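Heads up, there are several structures right after this.
Each of the next two complexes has subunit A plus one other chain: subunit B in the first, subunit C in the second.
Right, the complex of A and B next:
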């Protein structure tokens, strides 16, 4: 037998990540994802408003369990995510390289930075209460203690611009929200959703409970306004709201979110100039917290 | 009350007059009913569940479903306060929109009937009471009849009775038949009117679809005004195939006797989508005649909140959340 039949490559069907499962879009539709030069890479599910609603249901259902987990345990779970990411480093490097048009070397550096950022946020889980809360001095025989509690369900518009946006940027917006006990529904970057969809696969095999992170790919102009107007979402991170006008523009989303009194984190003025490798600081970490203050009579 | 008379055992002119004359004739009749095609039934129910109902049709269906709900609380921990709160919710399901229809009935245990009746004064909302040693039905007949009469005396408009599944499964059909007839008699009020009688089969315990068909005919022959799937207290409650089967039995019974009987699926119906599937089944199997709260009901508690959230979505365009409906 001299004829060798060329092997057919097995292509991956990318799917949404909702409630710990991998559904296709309710619409049954997909869209083409290309690399930075316009070459076809894969078909991603075209998530709809209904998919977003389902994701919010899943996120809401997961709040109680995740927020109730001890901070120490949450840290361990997040560290486990970093371990899983390390094992998938090559895959993410390839996806980041095509998504952002980078060399393999630069892409690998970004993926390493993203893994390190998970570890960094994993370390924060049991330390955030010390910087966001504490004992308040009061004039009376009482202890007065403030503790930070998670806001609840956070809608996240994933970064779409800036150095390292496709994966490092994504990690930099998801990790701080869930580190403090929130659950998130993420609108993945419309043009570069593959690292986000693959991150779903990593989360599913870590110890993160289903529903804590939900990832929807599709048109930002469909998904982001649904997140902004949804009455069961408590906060909104507009990191990747790049539209200048229309319902997906940051100002419109903020106005829509105001109707239901959501906390809103505004996007950067010039998103293209962002460098996600910069030290993140604690702004995002402290953005989705509510302060609970209790008075307790002092013992004699 | 001509329908009541016609609905009495052995409806005249239908050829079913002497079916319940003896244990043997009743058994012969029930076992002579055609067997159920399980695969066909489940496929049909699944197909009817795939219809897409949108926009104005959806708005209509949501309002219809709300008006068909028997809002239920059947917990050992029920208090007077909880029943009053539930009645208030039945009167005004969505305080932010006075246009929301009211529910059909409030369903409670017999000892809560007076409370519910009082809280619903001035409305057309019915008070339904479970009776006959609900949910197990394991009590002597006099106890069951006293339970029923007590609920009726307290003012119940509707009685939800459970059949004796033990007797049914061991083939003592006439016992079950006579019990339904006796309870029906206990539903009479001194002024000559009677409380509506719903007969619960607890289909999750009847094992086979053939049994569900037999139980349906048995109850209708005995004079049930409504047939109801489940108590909501066992693992398997209302399912689309079982409900479809009962709808078909009701259709065939009307064709044969001219008597219309209502259907109430209960338990496990929690979402608007589920409710729509049932409405589609009713429309396709029985038609408009049954698409009113008078002939079709949902036994549910959490369904109402989901319907209200969907209703709010349709009016505001924004997805609603559990923070915007009451916690029951």
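Right, the complex of A and C next:
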């Protein structure tokens, strides 16, 4: 009998994605991530309130540059994300399969859909202003133009339920927010954070400036309330707020967000019934925009 | 207001034309009943409670009428009436809903003198403004949204967008009938029915509008008006059968409503406070800028959420601009709202006057320099001289808090970047003004100002086609234009 040992696989240390860097949690803590059958997959950083606040700082710092790039440029950056993802399709397929308990074939279809979703939003960046803005025919000698502008920093509770939530769902909430020039801090799905943490690695190599997307894994009940109450966050996407009570529940988060009058996109009434492969429409794309209307007199 | 050292002594305004009074007739306001109930299900009805409030003419302090303090039961009756009317109203072809709104617009035009006078009496604002601004805009708003009622498929929200149901609407006292129009016109055009609560100091034009709904033959229950103070408003926004809440008013109340609605499926739009910067560059046409500054802060006694209450003037022209501004302020006529020459009418209420007085006192206490032109104020009623503060720092309360009165805080800047920094240094983000002859600078500034409306070389212009609403803590959602439909559609 030959005594050859199969090559030992090199495992990945999953890290947070903050300000374009990959820090561990400041807590020094991790938590076990398992597949749908309870088998250990990896240790994920147990992101804290402090990690979340650091991420908000990074996101705020990135707003000016990202919102200031041309829409054409943002479109190219988003398309670049799709290109990078295409090359890592197998990795994400494996992560989605274990995260959602799917066959490799179904998981691959969801990853393909996620790649295509980046392409869809890449094409939106330089069209939003034309569908959401325009000239207003006021009854007087004035030039009057409405344009949509990014709201600023958006706190995102990533999807935790529904078909394709772990990656396609995640992409479906990040891409529309950044397509229009916002920056985001994402609370990754608590029980299935690995595709989100891996996405950070893709974004870091896709011309997305550091700080535009920040991803924190950990307990939703720690991270989401920090986002909801943070003074320097402008809007919240509660897509994955699944808790029915406690500080992470959608109602509690929305109430907390009211203190700073954040714009809030509420979660679907039945999150488990969501199918993230459905056509996204424009609701999310248009949710984190502010309409600015400029007047100027006409005359000689 | 007692005279103080910062107020110029009255002097003969030599060189100025003295105007003879040109009073509008109070009788043109039509009959004001001694007491009013609510308008529910197409009828004027008594409140279930016995508490009555009084509305006074702020220019005379005379009681105009009593009106009901809406109870929870009253609100429930009104919401029930609106719910009952919703099925038929939302099922009506858009073209038919449109015709009702066109009818309302026409009747408003026909009765605009009556409504303008009534508004001036109840609110204290000059007849020149109610006649030339409020009422034309009210009619225009109904005209504009009337046209949308049968064109919603083309509004950019997909085919056949659905109404939300019953809208609970709470409006402020600064533009009573105009705010009613901003709320009711888009709600009805999109197929919703409404329960509207006017402000407790200005209920009369809303109640008169109820008569217009009857004249227009509007189906019963489509528009319901329930009067009362904040308790009535809270009952309305809390009512479980309300699907949509629209509020215009203060940021603290808006915040409370947002909290109250957390965890419900009610859609919310908020139009809240502001502390707009009106930014004047050294190349601005001074005379036009002065007119814009005056219009920006003294229009409607400064009771305007988007008022240009912070003047940011480039340091190099500060003296020239302030001299011209003071000269112009000296010509403002403060007094009888029904006099067609009046520029600044009465402060809406004793409570508001107290708030303005307290904040201006804080301005002096914190070290800003106060100035007002000489002007006689009537003996009765609530009045406040147009007031200017110089030497204001960004930390002063008068630079941060919404005063909602005829009080202008002057700050200076050196560079455009500093102007942007200072202009955006507020939790609010409703409006801003830019005065410069340089086009590229206007666009550069407009791009950077965090404000929902930017007026360049003009100020305080409104139009039903033009979306209005704020960034940050000035609220969310837009009123006016195609954008204004979204707040009332299930999209």
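Rule of thumb we're sticking to: the second predicted complex is superposed on the first by the 293 of 300 C-alpha atoms of A that agree within 3 Å, B and C clash if a C-alpha of one lies under 4 Å from a C-alpha of the other, contacts with A are read in each partner's own complex, and residues count from 1 in each chain.
Simple rule for what comes next: a residue touches a chain if its C-beta (ideal position, glycine included) is under 8 Å from a C-beta of that chain, and two chains touch if they have at least 3 such contacts.
Every value quoted in this text rests on a predicted model; they were computed, and no experiment measured them.
Visitor: Specify the outcome, clash or fit, for subunit B and subunit C once both structures are aligned onto subunit A.
Guide: Fit: subunit B and subunit C sit side by side once superposed on subunit A.
Visitor: Given the touch rule stated above, what does A:88 touch, subunit B (first), subunit C (second), both, or neither?
Guide: Neither: A:88 stays clear of subunit B and subunit C.
Visitor: First (subunit B), second (subunit C), both or neither: which does A:21 touch?
Guide: neither
Visitor: Give one of first, second, both or neither to describe whether A:219 is in contact with subunit B, with subunit C, with both, or with none.
Guide: Touch partners of A:219: none, neither subunit B nor subunit C.
Visitor: So, A:53: does it touch subunit B (first), subunit C (second), both, or neither?
Guide: first
Visitor: Could you tell me if A:229 is touching subunit B, subunit C, both of them or neither one (first, second, both, neither)?
Guide: A:229 sits against subunit B, while subunit C stays out of touch.
Visitor: On the chain A superposition, what angle, as a multiple of 10 degrees, is formed at subunit A by the C-alpha centres of subunit B and subunit C?
Guide: 80
Visitor: After the superposition on A, what does A:261 contact: first (subunit B), second (subunit C), both or neither?
Guide: second
Visitor: Between subunit C and subunit B, which one touches more residues of subunit A when both complexes sit on the common chain A?
Guide: Partner touching more subunit A residues in the overlay: C.
Visitor: For A:106, using the defined touch cut-off, is the partner it touches subunit B, subunit C, both, or neither? Pick first, second, both or neither.
Guide: It touches nothing on subunit B or subunit C.
Visitor: Determine, under the contact definition given at the top, whether A:136 touches first (subunit B), second (subunit C), both, or neither.
Guide: Touch status of A:136: second partner only.
Visitor: Just to confirm the geometry: in the superposition, how small does the C-alpha gap between subunit B and subunit C get, in angstrom?
Guide: 5 Å.
Visitor: Shared contact residues on subunit A, subunit B side and subunit C side combined as an intersection?
Guide: Touching subunit B and subunit C on subunit A: residues 259-260.
Visitor: Hey, which residues of subunit A end up touching subunit B in the complex?
Guide: 53, 56, 60, 226, 229-233, 259-260
Visitor: Tell me, which parts of subunit B touch subunit A in their complex?
Guide: 317-324
Visitor: Quick one: in the complex, what on subunit C touches subunit A?
Guide: Subunit C reaches subunit A through residues 140, 156, 158, 251, 254-256, 258-259, 261-263, 265, 270, 272, 429, 442, 446, 451-458, 461, 463, 465-469, 471-473, 475-476, 478, 481-483, 491.
Visitor: Which of the residues in subunit A end up touching subunit C in this complex?
Guide: Checking each residue of subunit A against subunit C gives 131-132, 134, 136-140, 142, 144, 146, 151, 234, 249-252, 254-255, 257-261, 263, 266, 269, 281, 283, 290-297.
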